[in-house]
Amino acid sequence: MEQVAHRKHPNYIGVFIGLAVLTGVELTVAFLPWSKRTLILLLIFLAVWKAVMVALYFMHLKFESNRLRILAIAPLPLAVIMVTAVITEYVW
Amino acid sequence: MSWISWMLPPGASTFAGDIDRIYYVILVITGIAFVVVEVGLVWFLIKYRARPGRTVIYTHGNNTAEVIWTSITAVTVVILGLMSAGIWNRIKGRDSVPANAMAIRVNVKQFEWNFVYPGPDGRFDTPDDFTRRNQLHLPVNQAVVVELMSEDVIHSFNIPAFRIKQDAVPGMHIRAWFQPTVTGEYELGCAELCGLGHYRMRAVVTVHSLEEYQRWLGEQSPTVASK
Amino acid sequence: MAHAMTHASVMEPSPEAEPGAGVYNEKLGMWIFLLSEIMFFTALIGSYIILRFAHPEAWAAPGKVLNIPVTAVNTFLLICSSVSMVKAYASIADGNQKMLRLWLVLTVLMGATFVGIQAYEYYHLIEKAFVPSAGLYGSTFYTMTGFHGFHVTMGVICMSFVTWKAFRGRYTAADHRGVEVIGLYWHFVDLVWIILFTIVYLI
Amino acid sequence: MATIAPPVEPAVHALVDDRTFLRKYIFSTDHKIIGIQFLLMSLIFLLIGGILAMMMRWQLGFPGRPMPGGGLLPETMASGAVILPEFYASLVTMHGTFMVFFAIMPLLVGVFGNYLIPLKIGAPDMAFPRLNMASFWLAVPAGLLMIAGFFVEGGHAAAGWTGYAPLSANPEYTGVSAGQQLWCLSLIILGLSSILGAVNYISTVINLRAPGMTWFRMPLSIWSLFITAILVLLAMPILSGALIMLLFDQSLGTHFFLPADGGQPILWQHLFWFFGHPEVYILILPAMGMVSDIISNGARKPIFGYHSMVFAIMSIGFLGWVVWGHHMFQSGMNPTLGTTFMVSTMLISVPSAIKVFNWLGTLWGGSIKFTVPMLHACAFVAMFVIGGLSGVFMASPPLDMYIHDTYFIVAHLHYVLFGGSLFAIFGAITFWYPKMFGRMMSPRLGKLHFFLTFVFYNLVFFPMHQLGLQGHMRRIYDPSTYEFMKPLAGLNRFITISAFLLFASQLLFLVNFIGSWFRGRKAEPNPWDDTGLEWTTPSPPPHGNWAVTPRVYHPPYEFGSGRTAEDFLPQDRKLDTPPAPARAPASR
């Protein structure tokens, strides 16, 4: 897979510009006079978007086999289970 | 040796019936499973021990057998689960505390139990509240709800005869209810390791008949909650 | 590692073995280590989320206590270092030693600057009496950003080692495992910061 | 044996070993040496944990009486040879900590993970030998730090091995500060060591399997060690994170678990058990896997239901993540959440039952040889059944309300960890001892040790069920404080005397282990007539294991198929005759 990417690399600078722009958007959104809930959802959406871009392009997950991709996200369900279960202590 | 027994000690609250019943049901089911497996194990070990001329049954398994024992186990535990869930909800479910339950505040700290009674006016935080240290007096056949609050570490409110156990967690306000059914004296202990004095964090629970309890109440004078 | 020597190509899994993950050992190992890191940050970030749900009032509005402009610069710096890292990887994949060294040095410098700015930020916060013992806000802030900073520091140290090897010409187009593996770690640390920046500073 | 043409002859010559003594035996990167290093280390900790247990038992059996040898303890631990309550709390804590983290876990994962994985999958070594060495040399300082805790001011950690906050988070409550911090620090370092080990095991199993060693040709020991490594990898960092927060609460004044400023004591319990329940399976899964190997070997027939065994291991590995709340039914946790955890807990008994029935199925129709490993493996099955069934009692939340934090729990966990894991460990050590040291352990001493251990073990732990049913609480320094426990004093004394005898019986194992190292009978190449790849190299294997990578042609447990002159078919032996058509295909 690396050998294939050898000739033609993804547009890393493009990804970089995307990340920088999204960071700028985040900084703007954080101080908008919207409801807290909207802001939180929007900000988390933006953060996840950035994180996925880093994982897909910089960490090459986009160009890896499915086996490695599954491996990479395997612990996320566990993390979600842990946090949601404990949050129900406070939010019924 | 009377203490080698699978019987539970006599219970003295309304929970004892349900909890003891589910205990004996599980005891019988696991007892059967225990006998079947252990007898089978020993039997196989004897019957199939290596002897000259023995040829083994060469097999990699049997799907029917797998399905049978998987489903028997699954069905059994599902039944046990359903039985337990009902009892659990009656005892500790979110809205399980009966409306007529008598409230007693339990302020716990290393290593003592302070039981705060609301006094004649039936309300807490009034001057007629009184506190008894390591002594809990209760009327028989009356639902009681203890409001557990810990000042320092986690303790656990545990009256084996009533089959009740509930942790008291600092920073949390936990309600647990029970209803004594037999008059007499019982022991309350801490069940959660709470420091070096954990073992002596003991209180006496006295369950009175209704008249006796009224008499006892009348004898109590209000005190400021001892700190 | 004798077995590695016999490989036809070191950047491919060994033909001597059953097909596994389809990647070479070091890369697989780093990914597996990163799974562990995910769970570590789950413990920290998860606790933060839970505590914040339990006591939302303990947190100040964004920008009230924490210095967002300084951290925004820091965030930008970390993203830059990520792109320089990936450029270093792309350079050596094409066999370009010179660019590899340049990009690696840039990455190390930006990583070190990130840690420096974080130390500066801590210094000023502590001056303003915002310390780890300052309630849940201080507790979670210092623990999460502190351990992220610790990871960046570790990354800078390992990357310096890789850079030193790069200057000695140890990486080639055929074998640049070290660069790719440290890159994976570096991007992961960047990814965690992206999450942390949002939930710690902006929410 | 004549039909085998093992490629071992060139191996011995090809693998030139010119390492210095230090690199060969101390800072070795060889997985076999590291496995043996872990073995010696964890046996020492097993002994320490046992001694702590004996002191505890003395106090429970003879409360307030001077302990023999207690005069040697300093005044801070025992006054006039009578154990002090604060020292008793440390004993409770450290017995659990040493046994769980420094004895059973390294014995199963550190020793057999290291020793067996490369040898059984046909790899020359671990994927990352130097990381492997680092893993061991992190575990050693962790253990030393843990021991050091006994000698610091204020005594050792005294908040239980579960370290429940706030008892553990604020030194005011126990009087222990340095000890508790050392406890945290030591476990953080041990966590790092375990994670490095797990990275290695997982990478090795995924990437270094010999040609032909497909996923479904791996022995169950390797399957279980693989799943265990995944659990270690994902669970230990949760503990590390929680411990770091606890350490900060103690030393930096943070408020994660201290309620004063909004911290949540119950959060510690959630984090701890989210790690802790996978940990429980870390402590039993490898034992199950190795017992499967030994039982199939001892019964001389293939393991019954190999595939369902694998799926059972996998489902235990997954379900282990969603049951942690059953440790917290009475903790004030949301009761609805409690019901959810009850359901998942009940479900996890299904794969455990599948495994037990499959072991019985393996024994059925076999030709059982009662070797020492086989005796231990059968005892494992018998004891694990008791531990598993007693678990059903506390899976029911209302019943758990009565038996939670009583000796019933103590009985249950020892039936799983001692009756289960430790019997399997004794069996596995005896089974692979010839591979490790080239000599056999004495079968006569081994059998004597087995029978004494089996009898006294049951005399110690079975009556604990009765203690628990009478309401006897755990971690009680002096049971005579309570009226309702007074009638139990006789039983407590009986348990204590049995425990001393149980402890004394372990000396036989020690003698056998050390004695056989020097004087044991030289082992033949394949002393148990096993099918595994590890028996195709010399014992002990050379550095690099094989000169020519072995090639695998068969599933792992081909005993009694009648296709060879002997009653077993090594995994790497190529046969000209095609396999019988009735056989289940072993495909991936």
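We just call them A, B, C and D in the order they show up, numbering each chain from 1.
Here is the rule we use: contacts are C-beta pairs under 8 Å (C-beta built on N, C-alpha and C of every residue); 3 or more make two chains touch, one makes a residue touch a chain.
This structure is a prediction, so every number in the text was calculated from the model and none was measured.
The most distant chain from subunit C is B, comparing centres defined as mean Cα coordinates.
If you average the CA atoms of subunit C and of subunit D, the two centres end up 34 Å from each other. In terms of their C-alpha centroids, the spacing between subunit B and subunit C amounts to 49 Å. With centres set at the average Cα position, the gap from subunit B to subunit D is 31 Å.
Contacts with at least two other chains are made by residues 21, 32, 35, 39, 42, 46, 50, 54 of subunit C. Within subunit D, the positions touching two or more other chains are listed as 234, 238, 262-264, 266-267, 270, 336.
The multi-chain contact residues of subunit A, meaning those touching 2 or more other chains, are 75, 78, 82, 86, 89, 92.
The full set of touching chain pairs reads A-C, A-D, B-D, C-D. Remark: subunit C residues 1-3, 13-14, 16-18, 20-21, 24-26, 28-29, 32-33, 35-37, 39-44, 46-47, 50-51, 54-55, 58, 131-133, 135-136, 138-140, 142-143, 147 touch subunit D in the complex.
Every residue of subunit A that touches subunit C in the complex is listed here, in rising order: 1-3, 5-6, 9, 12-13, 15-16, 19-20, 23, 26-27, 29-31, 39-40, 43-44, 46-47, 50-51, 54-55, 57-59, 64-65, 67-68, 71-72, 74-76, 78-79, 82-83, 86-87, 89-91.
The touching residues of subunit B, counted against subunit D in their complex, run 3-9, 15, 18-19, 22-23, 26-27, 29-30, 33-34, 37-38, 40-41, 44-45, 48-51, 54-62, 65-66, 69-70, 73-74, 77-78, 80-81, 83-85, 87-89, 91-94, 110, 152-154, 156, 158, 160-161, 163-172, 174, 187, 189-200, 202. On subunit A, the positions that touch subunit D within their shared complex are 75, 78, 81-82, 85-86, 88-89, 92. Looking at the complex, you find that subunit C touches subunit A at residues 11, 21-23, 31-32, 34-35, 38-39, 42, 46, 49-50, 53-54, 62-63, 68, 72, 75-76, 79-80, 82-83, 85-87, 90, 93-94, 173, 180, 183-184, 187-188, 190-191, 194-195, 197-199, 202-203.
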